[in-house]
Structure formats: structure tokens, C-alpha cells
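A, B and C are the chain letters, set down in written order, and residue numbers restart from 1 in every chain.
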Amino acid sequence: MIIYKEWLKTRWVLLGILLVLGAITFYCFLNLSKVVEIRGAELLWEALVGKDTVLTEILRYLPVAAGVLLSAAQFVPEVAQKRLKLTLHLPYPQGRMLLDLVLYGLGVLSVLFLLQAVVAGAILSRWVVWELVARILRTMAVWYLAGWAAYLFTAAICLEPTWKMRALEALVAAGLFVLLFKSPIPEAYNGFFPFLLVYVLLSVSLLYYGVARFKEGKQD
Amino acid sequence: MGPIITCEHLTHWYGKRKIYEDLNFEVAPGRIVGLLGKNGTGKTTTINILMGYLKPRSGSCRIFDEPVQSVSPLTRQRIALLLEGHVQYSYMTIEQVERFYSAFYPKWNRDAYYGLMKKLKVAPGQKISRMSNGQRSQVALGLILAQNADLLVLDDFSLGLDPGYRRLFCEYLRDYAKAEGKTVFLTSHIIQDLEKLVDEVIIMDYGSILVQEDAASLMARYPGMTLEDIFIELTGKY
Amino acid sequence: MRMKLTGKIFLWASVLLLVLWVLPWLYQLISLKGYSSPFTLYSCTVHDFTALNRDGGKELRFLDRNGNPHGEEAQPTFYASVLASKGTLPDTLEGRKVTLEEIERNSVIATSDPKDVNRTKAPVYLLMESVPVRLELQDPEEALVSRRDGIYIYRLADNALLQGKTDSLNTALRALDFAFPAKLFAGNPSHRKEYDEGWLVTDARDRVFQIKQTAGVVSVRPFPATADLGVSFLLVTEFENHATLAYMTGRDGFLYMLRPDGEVIRTEVPFDARREDLLVVGDLFYYTVKVSTGTGERFYALRSEDFSLVDTMERAYPQGFSLPGIRFTSQDDSWVKLRLRGLRD
């Protein structure tokens, strides 16, 4: 039933995200296919091997935008008018409740990201060898992680009751995003990725921290 | 069964402003207790503490003999909560919100809800946010009643209702509570509605409790005065 | 609740990390003084290292290690065309007759940057045709893809595996005892050069082989002289004078020259490609090899004919002070990861 409520809140935003994501992804690969058609696939190979590009840079910030929008659609209504009190009062374990909300959001995002990655992989493997496709996907993985991070930090900032702490969390989020987008070099994050993943997953605890502070009645 | 609600030595401050100190009260099963006071005297504070949305400076409260900061989900099933301002999931329609809530409450009384909704005369797909203040209040009340809870906690339920409806609701609530043996704990700043509703009154003023007494015996001590008159008398200038 | 505590710790630990990251960076931003070391070459006329000193205005001044100033005549090979246009190019240097054409043909430059060595590269290497139909080199149409069990050849235009070519390549490699998987690949798949030497590849045992396509046929050539070196760095050099085929470093940490005929010459230049920058400026007579790090640079003058060591020089950079903390990127590699920042970073 929690999913039902989340779906009601987010269905239109999700449609919007799907459409925009789809349109820009389509545009990206349409451009690439034009390059292949007019100037040959050799150009793609040369760019991927010789230059610091993965050809899909136009998609770089989409996961972050999707994460922020979905999180806002889920959590802003929850926090407005302190409706969080209603959700917390439901006869359902509060910790599980919060986890369900997060799993819904991250789950939906993951489906979107996976869809995009599968489409990208399928199209790209028509033009270049699998090792290069893997290089592109490994590089895009960091953008998807940033999307998850955007979702979680937006949720944490929504749930936190005081503006002072929200500002602090926003600062930490800003630092994280600077880090995640610091290097445009393909596969630059390969070795560090597992640590970044753990860090982003641990940020779920910020949501619990915010809810706990809400329940104590913390105010500015 | 012991008292449904017990609060002991409740003390709370907002910054440097004392809300109250050493507040003690109990709500016995089957009783309708009204917490009355002017705005800012701590009524919503008390509800927030009771529902676990505020940690008091000191003191403790128990509901159904569980500490209020950690009431179990099963126990929460027995408590119906109406928040100040009739806050609810206003992005849902009447049907969606009923479908959502009924999944959480095994004793859900669908007829009670839709009975009240029939009187609202709203289009089926209309979101609650698009309704008038009065209509929205009725939806919130309908959800409370349908939950079939043992304890009803209502924070300023009369907000947004017109006087005619308020009186009607008070009668309905009293009949419902008494017939089903429900316990009710409510707050209000509109006194006149409560006279025929409450069994007990707790009258608060800034920083302290003025009266904590059985309603009938209080009225008997001030013969010829309405509850509202008594309230004004006790709290000074209105 | 445990989650609440976790959240609190997470938040403040993150703030701490943020401070440790940003403060040293801010400090460096404010206190950073630019420093560029003077351009230094070994002089075939002065027979010393001479550093270009710019604070004389328009006149070029080279200072030797004793501080004596010299003009352009200290670097006649480097400024050969300028001197020739002025009519002041000597016709004899180092006891032999020289011409402008000979000087220019024998001028070489090669560089290596740790940032290019320390990065994750795709195991895909574009294969050129080294003897094109038209005189100019063409853009590559095929690629080598290195996998655990062999090196595969793909046609770029349609991403098709060229099975025949792949089979002959791997058969040839196995016949030469090539141990898969290949480790290093070095090459320069650009048509902006005089000729193409294909790819130099090390196998799993660090032995060097050359893979080159000539008239559509991919051939393999071993370099037995590299067998016991433990080659860990390869830089292909395609100079006009064919002086060398590649530079390498061996297990012993020294720079080696690989000649086109397969001869391997060990130099006295210690060089760690993963940590140090390399700049080689060579002329008819001498090679000036500069190896630099963040703290300073070392110069080696080698004789061009046999790469024997003639002279060395060291220069330390003025050291700044930095706040200790953390950082995520480095001048010396292309990765993002957590690193500690010391006082002297």
C-alpha cells in the first residue's frame, strides 16, 4: 500500500522523467547514428580510443536531474504541512516505512537507468566492439550513482526539520557532486567506485537522522 | 484496564518561553477529555508530545501503557489521530485515500466513511486539495471514524467547520464514543461546542493548568454559567 | 535508534572530510606561486648544460652552470634554421661538416607524462596500414582488440571480426612463443607522421614484440634482446632519422633504447614512468634527457651515437608548504580516488 501512495504522488513526474530521458537519449543516439552514416563508424572508434570521451556526454547530468525530481515529488508532499506526522502515525514500523519509501524511489530510478544503459549498450554494440561499450557503461555508472545520491540527499534535506541542518547537508551534497563530476576522463572512477557506492548507500542514514530529529520536535 | 493516557511531570519550554511545568493528567478508558486553552497555551504541544512528535524537556507520557516515543505499530492501529488543520494526503481523491487507509486498519468501517462522504456531494475523482475547507475537514473526520480505533486524539477538530456542522459533529462524536466505548482526547479553543461533549476538562493558561476536573462538577461550582463563561472567568480577558 | 546515530556520524564525518578537502585546496589557491624551470639543453659548443634565461629582453641568453652567458651559438642545432637565415650557422660542429638539412633530419623530441601512463585504457588499438597505396598514411580502418586468449582484429566500419586475419596473427604470435594475455601496447595510430611502426607489445612475460600491417598483411616480429629486461614501459618513437624504434624501462629502473635492428642499449638514466615526466630533446650529437617530478628535475646528456652518458645535472624546485588533508586527483595520474595530502604537496 505504501507503493500505492508513492505511485499516486509520483506518477506524473515519472512520466515526465521518462519522456525527457527518452527524448534526450534518442537525440544522443540519433546524432551518433548520423555521424556513422555520413562519416563512418571509424570516427567513433577513434574518439573512444584516442580522446577522453564516451560519446554520450549529453546524458551526463540526466540521472541527477531525475533523482532530484523524483525525490522532491515523493518527499515534498510528505513534509508539507508536516504530513510526515500522518505517515509516521500509520500502524506500520516507522523504520520499515522509510525504507519502503526509499526502496521505491531508488528502485524506480534504477529501472530507468537500467533501461537507458541497456538501450545504449545495444545501440553502441552495433558500431563498436564490446570492450569499448563496457568502457562507456563503466563511465556512465558514476552518473547513475550521482542520480542515486541526488535522490537520497534531496530526500534527506526534505526530511530534516531545520534549515541550518538542511544547509549543512546541502553543502555535503555539493561536495559529493563536485567529486562525482570532477573528472571527465573515461573510467577514472573505476577503482574508487565501490567506496563511492558504499558512501552513497550509507547516506540513507541521513533520512533516518532527519526523521528522528523531526520526532524530537527540532526546530530552527 | 488502566488509564489509556498517562502523563507525568510534563515540562516543556520553547527556547526561553515556558509552556508548562509539571503537568500531570490521566485519561481513563471510555472518557471524553477536553484540553481547553487559548492559542499558544500548549495544546498542540501536548498532542505532539503524546503522538511522539516532540520530546518534552522533562517528564513522560504513556499511551496504552507504552512510552509515547516508541508506540508499537499494533498499538497505533488503536489510535485515530486528527492533526491540527485537518492535515491529510490532499493529493489523493476520496476513494484513493480510503483505499490507502483501509489497508492499514483491520477494523476499518467502510460504511461509516462513505456514509459521511455521501453528504459531501463531491465528484468522485476530485482531489481533496480541490475541496473547500469544510469538505476537507469532513473527509478527515470520516477517516477517523472509519478507523474504528479505541482512542481518538483530535487536535482542534473544529477548525474550518461552520457552527451548525460543529454542533452536529459534537453530538455525533459523543453518541459514537459512548455507544462504542471509545476514549477521546481532544483540544479546542472554541469552548461553546464542548459543553455537551466532554466528560472532563483540563483548562490551560500560559504556563500552567488552571483546572483539571470532571465537567459536570465544574459546571456545578459555577451555576448559571456556560462552560465558555467559566473559561473566560478563569483565564481572564478573552 | 541506531540509524539515528549512524546518520549523525555520517553527517559529521562527511563534514570533516569536506573540510579536509577544501581547506588545503583553498590555501593552495591563495598561496600558489607559479614556477617554471628554465629550458635547459646540453650544448655541443659549450659542452655544458645551458639554461635559457629570459630576462634580457629580446636577446636570447643561455647560462651555463658557472653562470656564463652565451647567445644562440650555444645551441646551434636547436636554433639551426634561425642561424641559417641569418647566415651564421657554422658549417662545422664537433669536428665534422654539417648541413642544415642533416641537422633538421636528426632533431628528435619525445615526452612521457605519468598522467598518460597511469590511466585505464581500453584494450583496443587502432591498426594502420604502414605502406599505404598513396604516399600519405591513411586513417586506420582496423583495430587490434586484446583479450585473455588472443589478439583479435576488427574492421572499424562495420564492427566485424576479421577471423582470417585474427587467426594468422595469433598463430604467428604463438609460433614465437608469445605468452597471452598481452600486457603493454605502445603505438601512435595517427596519420600525422612520416611512417608507421605499428604496435610494440609486451607479452605476459614482459618480452617485446612488434605487430605491424604491411600491404594488408599483419606480421609479428620478436625482439629477443628484450627477453630478460622485464620491460614495464614502452614509448614508440617514429623519428625521421629512425634513430630508435622505442624507449623502454626495465626491471632495473633504467631507460633503454630499442633500435630498429633490435639492438637494445641501456642508458645511465634512471626513470620511473609511473612517477616521473620525461622529456628527450636530441640532435645530431647529444640527447638531453630531462626526468622531472614535483620536487625537481634531473638532466642527462647522452651521446647520440651510442647513448653513453656525458654529463648530469640536478635542479631542485623551490618547495612550498601546503596544508595536510585529503585530495582526490593527482598531477601524476588520471584517476579519482582518496589520497592523503602531506605538508609538502
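The definition used in the following text is that a contact is a pair of C-beta atoms (placed from the backbone, for glycine too) under 8 Å apart; a residue touches a chain by one contact, two chains touch by 3 or more.
A quick note: this is a predicted structure, and the numbers were derived from the prediction, not measured.
Every chain gets a centre from its CA atoms, and the centre nearest the mean of all protein CA atoms is that of A. Taking each chain's centre as the mean of its C-alpha atoms, the one that lies farthest from the centre of subunit C is B.
One simple way to say how far apart two chains are is to compare their mean CA positions; for subunit A and subunit C this gives 39 Å. Centre-to-centre, using mean CA coordinates, subunit B is 78 Å away from subunit C. The residues of subunit C lying in touch with subunit A in their complex are 1, 3-4, 6-8, 10-11, 14-15, 17-18, 21-22, 119-120, 122-126, 139-141, 143, 145, 154, 156-159, 189-190, 328-329, 334-338. On subunit A, the positions that touch subunit B within their shared complex are 1, 4-5, 8-9, 77, 81-83, 85-86, 88-93, 214-217. The part of subunit B that touches subunit A in the complex is made up of residues 48, 51-55, 69, 73-77, 79, 81, 83, 85, 87-89, 91-92, 96, 99-100, 103-105. Note for the complex: subunit A touches subunit C at residues 40-42, 45-46, 48-50, 95, 125-129, 131-132, 135, 168-169, 171-172, 175-176, 179, 182-183, 185-192, 195, 202-203, 205-210, 212-213.
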